[in-house]
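Some structures are shown below for you to check.
There are two complexes below, and they share chain A, which is joined by chain B in the first and by chain C in the second.
For the complex of A and B:
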């Protein structure tokens, strides 16, 4: 167990060295400030057009916060799965890590920590921009911090599991699918109630939204932050906070088991096929 | 269960499924066939063979990176298929001819990080890193970002990574590939010293340099097309050729069509021709010394002027030719054409 914690810690250190190695601080700013703020701005403009500028509606806070926290989804999943490509093809170290005594999943999850941290900066900046410029209805004095932190931690565990699942798949695929983390995050964006209620989706697509843990996670975060306007989004308004937590815990455990199984299977396949030191365009 | 064998394989096979047959249909490539080897602890064991012989494939199986298709392999007494987690703390590996490592970390940071994956206490790790870097002549670059190192120096860093963990069994896959002559000599010296000093520690080294296998290894297995053809000490292997006579002849440049005739002389086992500037080198493996007379007569009848003639001791290259019928170079050339 100690070894696993150490692996996680060292991998997190390495990830941070790589992530923060912006030879140009300007690039860092673009990546973690301008990009998320620009993303939010597009959303705001669209919202403004559709609602004819009704920014004081609780719906606005809901959408804005859902979008802001969704930044974590891409960041954590991509951070973990990208480490496979990075180590295998760029640094050519994956095979050396594999033959060492580390448990590879702990290493990979550790590598994702840096993207979680830069993601946090992006989320905070996006939320702050909302507060300062867009009259975002968020009162830090009334936030249910315990609920917020619990939901956030639980959500990060869930995202790490999904990231590991994608890392397993990445072991089996070639370089040109390298944006798998971002791609899956974008695909789920529409099904997780981040920017519109699931009720908007056609009947046959709605179950996807209910099956993915992201939906419940975002709902819990928003309730913790702007609890009084929970009714603005009809989808999950019949569920109590406790029920939502229960579902999120259940889905996290379920997806955790599934991810572990899939990762193991992919890992086994990679060894069978000799892919661990694969270099694409071989 | 400490076993007296560092490495043991039984009927080991590896088949790659590849696309690339006609019309992209799947085909099978047999990279290892029925490999049996036994390497006792403390030995420096060499695997000698041309490119594509299956050397890396065998190392990948033994280091738990690749599953065997059939057969069994034990490393330090543990099965590579079912006991990978027992094997990994006891081994390490270095592949030559690549530049691996995190370019944005310094040499010391790269090495320290890997030492942590093996649970070596930081202080002890730093001591070993310093010492090994000194031995390979890289100590003045300890705090240099590894991206700023030349390929050769990066490879030396990689070599330190392999030795740093004091593995029971160390796998070196063409460790001098891509190094200049001086660096290659340093590395060979270092490898030799290490096995001498660490009694009971084993090295399996692959190479396609005869001299490297000859100079370094206690025993050498000769491998071609996935098959182990012979396995013995270099001197015993060369004794296979004690009845043959091997001559190197230097002659004036000759018409490149002519060499073909020499193979047809009775008693010529093998013949190689290397053109040079203003001369050419011919090498003959003859069944017996007497055949030389006929060779010299043939040269004379073709008006080829002999500059020098030298009898030489058999090398592992000659052993390879004896076993395969062609030189390693010829095998590699056929493989790529």
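For the complex of A and C:
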């Protein structure tokens, strides 16, 4: 176990160096902040134009917080799966990682930590900007912190599992590694109700949203942060917080098992087919 | 240290044209051969478009905005092509060892960039048309075309300015190393915001919209929206004729800038010996 933790720690340090040492700290900070804030600003402008700046509406809190916490999805999932591409295609070191005495899944999850950290800073800045400039209906004094932290931790574990699943698939493909991660993130963005209540989706698409753990994760985060405001939306109003936690735990465990199985299968296939040191230049 | 000798390239219109065609060919033909890429190039923007359409529906926006989003989603394909297929291209060619071959060959680098631009433009236009078609059918977008030729002219002028910008950026990005990747990555959401891909740029206020007009897609898209949507002129930032004049100025400026920077990059690369250097 100690060896696995050491692998995780060293991989996290390595990931941080790769993510941050390409420029000076100031430019890195700007880079880490500008993208998510600009993404949030698009929604703010869209919302502001149509509602003539009614930022005190519960719908704005729903959209804004969903979008802010969705930053974790790209950060954690892509952080883990991208490590395969970085090490295999760019640095050409994946083969050395594989022959060293480390557990590859722990290494890959460790590599995702850097993006998790930058993602956390982006989420905090986005939420703070909402509080300071956009009248976001969030009172830090009334936040259910225990529920918030529990949901956040559970969600990050769930996202790490999804990242590992994608990393497994990435081991087998030469093409489309950019696109598959992006497709999954975009599909989850659309179907999880991150930026609009699921009731807006056509009836036949809603079941997809209900099958995704992210839907319940985002709902729990909103309920922990803005309480009754989030519960006002009909999509999941029939579920209590305990039920939502139960569903999220169940789906996280389910996806965790699925990710482990898929990663093991893909890992085995990649070894058998000699894909570990594949360089496609694609 | 002895100064490197600068060799001027012989100019031949025939060679220039051949180079343009040769570089455009893999862009057009190769892109069509990889069918799964076409699927992703249409499918991914469509997912984003759908998400923003549902946001507008959730907040009760007028239907015109749905059309704006569909058009914005289609035009994003061009911006992505500029970032990853033009600006970063010479950097990638350097990483893969092709750039030295381009430089050694007796052709014009401008012709290579132009070929990349034309090939990318044709391949991306096909994708953008499919996104517009699918988006319009899925979300029942209503068009009211004022003049087909005015629309075509505006689109082509936007493309000239945009790909001129891409040609200029490719020289700048080449002098960067790992920063090139990060800068291309950074130039997405902020540009989506300031170019008004999902809303009229008029919404940003006059001065911000005026500043954003340095990006050809901002004014080009605003002009095209005025020409194809029933309420388009209501949401327009400037008169279409003024926007066309801005696009002409941008086109000239970016193409001259590309030529100047390309020459500067070549001089710098020869002097410092960094042309084929790959820093990881």
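Points to keep in mind about this one:
One rule holds for everything that comes next: the second predicted complex is superposed on the first by the 264 of 282 C-alpha atoms of A that agree within 3 Å, B and C clash if a C-alpha of one lies under 4 Å from a C-alpha of the other, contacts with A are read in each partner's own complex, and residues count from 1 in each chain.
We adopt the following convention: contacts are C-beta pairs under 8 Å (C-beta built on N, C-alpha and C of every residue); 3 or more make two chains touch, one makes a residue touch a chain.
Computed from a predicted model, the values in this text were never measured in an experiment.
Contacts of A:91 after superposition on the shared chain: both chain B and chain C are touched.
Once the two complexes are laid over each other on the shared chain, residue contacts for A:7 go to chain B alone; chain C is not touched.
Of the two partner chains placed by the overlay, only chain C lies in contact with A:39; chain B stays clear of it.
Touch criterion met: A:63 reaches chain C, while chain B stays clear of it. By the touch criterion defined above, A:50 lies against chain C but remains apart from chain B after alignment on the C-alpha atoms of chain A. Looking at the shared chain after the overlay, A:190 reaches chain C, while chain B stays out of its contact range. For chain A, the partner that touches more of its residues is C, with chain B and chain C as the two candidates. With both structures placed on the common chain, the touch criterion links A:203 to neither chain B nor chain C.
Shared interface residues of chain A (contacting chain B in one complex, chain C in the other): 91.
Contact residues on chain A toward chain B in their complex (touch as defined above): 3, 6-7, 10, 13-14, 17-18, 21, 91-93, 95-102, 107, 271-274, 276-277. Listing the residues of chain C that touch chain A in their complex gives 34, 36-37, 40, 43-44, 47-48, 50-52, 54-61, 65, 96, 178-179, 182, 185-186, 188-190, 192-193, 197-200, 203-204, 280. The part of chain B that touches chain A in the complex is made up of residues 16-17, 57, 60, 63-67, 85, 88-89, 91-93, 95, 98-105, 109, 113-114, 116-119, 161. Contacts from chain A toward chain C in the complex involve residues 22-23, 31, 34-36, 38-39, 41-43, 45-51, 59, 63, 90-91, 175-176, 179, 182-183, 186-187, 189-190, 195-197, 200-201, 281.
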